[in-house]
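Below is the structure I would like to discuss, written out as structure tokens.
Chains: A, B, C and D, in written order; residue numbering restarts at 1 for each.
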Amino acid sequence: MAKKSSASNAYSREFLEKIFRTAHKIRVFETEGIKLYRQGLIRGYFHPYLGQEGIATGVCAALSEGDYIASTHRGHGHCIAWGADVKKMVAELLQKDTGYCKGYGGSMHIADISVGNLGANGIVGAGTPLGVGAALANQIRGSDAVTVTFSTDGATNNGTFLESLNLAAIWNLNYVLVVENNQYAVSTPIEESTREPDLYKRGLGIGVESHQVDGNDPLAVYEIMRQAVETCRKGKGPVLIEAKTFRHMGHHVNDPGKYMPEDRLTYYKQRDPVDRARKALKDMSDISDGEIDAIEAEIAAEFEAAVEFSKNSGEVSIEDFRAFAADY
Amino acid sequence: MAKKSSASNAYSREFLEKIFRTAHKIRVFETEGIKLYRQGLIRGYFHPYLGQEGIATGVCAALSEGDYIASTHRGHGHCIAWGADVKKMVAELLQKDTGYCKGYGGSMHIADISVGNLGANGIVGAGTPLGVGAALANQIRGSDAVTVTFSTDGATNNGTFLESLNLAAIWNLNYVLVVENNQYAVSTPIEESTREPDLYKRGLGIGVESHQVDGNDPLAVYEIMRQAVETCRKGKGPVLIEAKTFRHMGHHVNDPGKYMPEDRLTYYKQRDPVDRARKALKDMSDISDGEIDAIEAEIAAEFEAAVEFSKNSGEVSIEDFRAFAADY
Amino acid sequence: MYREALREAIDEEMARNDLVFIIGEGIAERGGSYKVTEGLLDKYGSLRVRDTPIAEAGMIGVGVGAAIAGARPIVEILYVDFAMLGMDMIVNQAAKFRLMTGGDGRVPFVMRTQGGTGGGVAAQHSQSLEALFYHIPGLKVVMPSTPADAKGLLKYAMRQDDPVMFLEHKHLYMTKGMVPDGEHIIEFGKGDIKRSGTDVTLIAWSNMIPRSLEAAAELAEQGISVEVIDPRTLVPLDREMILQSVSKTKRAVIVQEANRRGGIASDIASIIQEEAFWDLDAPVEIVAGLDIPVPFNLTLEAASVPQKPDIVAAVKRCIHQDNYSAAAE
Amino acid sequence: MYREALREAIDEEMARNDLVFIIGEGIAERGGSYKVTEGLLDKYGSLRVRDTPIAEAGMIGVGVGAAIAGARPIVEILYVDFAMLGMDMIVNQAAKFRLMTGGDGRVPFVMRTQGGTGGGVAAQHSQSLEALFYHIPGLKVVMPSTPADAKGLLKYAMRQDDPVMFLEHKHLYMTKGMVPDGEHIIEFGKGDIKRSGTDVTLIAWSNMIPRSLEAAAELAEQGISVEVIDPRTLVPLDREMILQSVSKTKRAVIVQEANRRGGIASDIASIIQEEAFWDLDAPVEIVAGLDIPVPFNLTLEAASVPQKPDIVAAVKRCIHQDNYSAAAE
């Protein structure tokens, strides 16, 4: 379905650098975040996006200011790719009132409606209707903004998938449903949840343009997403994109993920999306190794500063919370 | 997908007579029931099955004792085809305690669990999970009984469709989902509810064997259903059957149905399933017109007797109900 | 008429704000099962007035999403019973979004639906489910009993920023009543004294208001003066009005169509006994539906929810309770 | 341990009746998120112990259908919060089927799930939603606070014929406690006096029992004797036990983790004030969660639900209320 060849020279260094920066920043955030978790600084749920960075990165690269995203319980990567402030993300995870949600939300609820981020969600599948709703709001107000829901393989077995995607279809909404098929729902492999592991076929059944893409290839994701956005802006949305991928570890920080077959893990790690973003930047631009090192150092510093900021942030106030409750 | 030609001489007179009797009995029940409704004897909702008789008739003809059915808000036809006692049906509609549900249930809730009828349902789509559940119960108890849910075009846009059919699929249940596509949900035509009016395609998307059939042809329905039952008993269920049809009137007794296009109505009335059942019986057996008249007279008498029985039945008891409530 | 008052409210708010839109089953061309939305399609077009498939979870969910994204949706659900299909979106999304975002995210979402018994529509089409919404922090619960209240409250609902469960009653759509001219808006949290009285405070809402007023009229003839309070919005609840009345009458009766166990009447009773314990001359009486699903049979349907004689009897019990019990002690 | 007691109950009932089976997310191979079902797959095989996709409405729905068709399903829902996705099947099908069939249809369906706050799992994973089920006629609601109760009640649940909402608490799974040997079954509707006392009746359930017992111990040191009653099943409710205790103590405090508005505590308070009005020396006190979703931050999470000091304070208020108020009058 590709309408234009994505020859390597089609990408500017700036673009490739952005792709790499995003993917790498997610990688650092998750890797370092897990350390904070293990130190006991982060509590509750923490679902790492490690291994899936290519999807958020490629998708968001094809979106513009004014567009909307909705996310999942595994939402840090989407936030970062959407340009979130790492300081406020870390502060949220550390339960501080300088966090995105004043420490009231936590990992599964980071949102920033002021920039069109409808937020992560603790209910599997809930981002689909919410995203379709945002797309509907934009249609009502005459905006051509596109809304993307990042969703999951698990969520495609949930009724929300059918109901909301169907609504988006009959209303021709500017909506893209990105199904991150990491082939597991906690410990349950996709083969046990469905007879048809090619999830994009579910879109076809209700007349929705649907594609499958290698989710570990940020540029491939970007290309298919760019076309999906075009389809939408032509009034021919929605579009469903299934992005095949694999987690690098268990479901959440404390899940050793022993049920994940070694060979598949190796297969996907050999196709690491962050490595591929780095390689693309190197291969398709004139960037030097030193410059790449500098980018990585910058991102490391950004994260460290975020931790510092968060640790220095004040504690939440019980009085404020009680007042908020009285008004709720 | 037909595995065996259904040559006309394949049917016994007994079988053809049964098909005709069933279809005609439904026709009479609905036609006369509407009269009772208009006389004020029936209250609440009454959704006539007129025009769709071929489906219940053909489907139930392929089932056996021990099998299960679940039905819809438009459920009289399924009940009758399943062999229900017309007396107890009429008594229920007349709110009598001799009715199937003691007058507590009414048109939308007639059930008879003693013979595997899980009942009509006031919630569109609810029969799907309930039917899958019965199929699961049968699998657990090692029975090869088949469960059929009669469902509707409207219900295929509901989450229950995806969730339950998918469960039936991963568990290889002896389950057949019969989607009676009458192309309307109250006044909303199917084209406004979905981009893909061929509803069987939704089954394909999740790896379920799926077929489309002319729902106004009782024998065609019977044939496809017979195959579906075979597929199930081989452990290869579930199967989805979309049966295209059309109502002969509005959504419920008081809906004039003006939104239904004349030409389509004419088209389907020309393919009236009861007429076709009668014609098949005539063409493929040695039955005489007089014998057919006798069958019709017998059915008319059965309905009249049912009305008589119901009218003579005692009223429900408030005391019994209060006692029941105290124990609920 | 109630349904016209509702229509006027929607019409006026749609005219006033382009971000107001309405979706539901059969609400456009057909004007809705109770004709509330008749004519709106012609006036505002199919972008803002649209039919949906039978997908309550989806409709409610996209409504909530649209509200979060800044539009002002009204989602019409045919029967409150069917809202059960969308409970996740109501309970886990709409009601919690503001808290989860630390206060920044708002959800100006209005779900309009109707409940209650009427005409033998049986167990799955007759419920009064307000208590379920009442319990969930973050939801406003509105149950107008008159055309004027219906209009004023619906207009207010469409201008404020929290999710509203706007619960109409199938028996009230044809109710007649004066609706003030001009901009008529009723804030949430302000009860209304539907009849003044001095002997007993009777609290009721929705379709129990006309029934309670009839009971009050009958009791008046017997020399018992009943004050009938309609909170109009159950969340927020006008506690002051209720407590003030009880401090005057020393007696309270609460009437709800919903079944007794875990209903809103229990909660109001718990508030009265907590706040006005020393004022009360008798226990708070609750008149409520039986704890069983509503049956199809019309006689039993009527027996399953409060009728005028039940209300009259409860008021009398409440009046005579102190003497009776004092004697028994 | 609580979770082992639950496992034993399931194990014994599966051994006893081939029609008992269990489905849920990750319950088979992985043994469930709280390890309740560990080992059952090996013992009973994949026909009777199976994982499901993430489809709560579907799981609950097929469970209800299987129950109607005569099997005895247990459906495990990871968090009670997610049961909202299956509310239609619970409210409109499971709870009503018996009535709708005139009494013949029964639904021996058990939904096991867990609720409550704990460890910063935030607004969508911390709710106490028992009040929603409590209000719906036809559902039994069970909330065991000890391993022995957990086992005895779950075994009973699996043998009776109505839909049961079996609500565990995430904080209790590792609780230790004696479980009687042999066939240990606890009928529904029988409360348990977890501590005898004479000054105040304290009613609590689930995770509020250990907390209330701590409060009672502290109060005992201060000379206040608290009787702690655990109804164990909220539907049916052991009204007799509660009323008998109140007739002795003349005072009642109800403690619930769920938020205050429209909770079960309100309903129990409404019953006590109605049935024991003339016995009461003080208003019934309710200690409950704040009317706001549970926040992520651990300090605020703790502030949002009753803690020991809140319970202690409420008991003292209840004790001193009459003097205080009499003085104020």
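Quick note on the criterion: a contact is a pair of C-beta atoms (placed from the backbone, for glycine too) under 8 Å apart; a residue touches a chain by one contact, two chains touch by 3 or more.
Predicted model, so just to flag it, every value in this text is computed and none were measured.
**Student:** Using C-alpha centres only, name the chain that sits farthest from chain A.
**Tutor:** B
**Student:** Of the chain pairs A-C and B-C, which one is connected by the greater count of C-beta contacts?
**Tutor:** Higher contact count goes to A-C.
**Student:** Could you tell me the distance, in whole angstrom, between the mean C-alpha positions of chain A and chain C?
**Tutor:** 41
**Student:** Where the CA atoms of chain A average out and where those of chain B average out, how many Å apart are those spots?
**Tutor:** 46
**Student:** Measuring from the mean C-alpha position of chain A to the mean C-alpha position of chain D, what distance in angstrom results?
**Tutor:** Measuring from centre to centre gives 37 Å for this pair.
**Student:** Which positions in chain A touch two or more other chains at once?
**Tutor:** 101, 103-105, 109, 121-123, 157-160, 163, 166, 170, 192-194, 324-325, 328
**Student:** Hey, what residues on chain D touch two or more of the other chains?
**Tutor:** In chain D, residues 53, 55, 57-58, 81-82, 85, 88, 92, 99-100, 122-124, 137-138, 290-293, 295 touch at least two other chains, as defined above.
**Student:** In their shared complex, at which residues does chain D touch chain A?
**Tutor:** For chain D paired with chain A, touching residues are 25-26, 29-30, 51, 53-58, 81-82, 85, 119-125, 290-293, 295-300, 303-304.
**Student:** For chain B, which residues count as touching chain A in their complex?
**Tutor:** Against chain A, chain B makes touches at 157-163, 166, 169-170, 192-196, 201-208.
**Student:** Along chain B, where are the residues that touch chain D in the complex?
**Tutor:** 68, 70, 97, 99-105, 109, 111-114, 116, 118-119, 121-123, 126, 128-134, 136-141, 147, 159-160, 163-164, 166-167, 170-171, 324-325, 328
**Student:** Could you list, by residue number, the parts of chain B that touch chain C in their complex?
**Tutor:** Touch residues, chain B against chain C: 43-45, 95, 101, 103-106, 108-109, 121-125, 154-155, 157-159, 185-188, 192-194, 259, 315-316, 318, 321-322, 324-325, 328.
**Student:** Show me the residue ranges of chain D that touch chain B in the complex, using the header's touch definition.
**Tutor:** For this pair, the touching residues of chain D are 18-19, 21, 47-48, 50, 52-53, 55, 57-71, 73, 88-89, 92-93, 97-105, 137-138.
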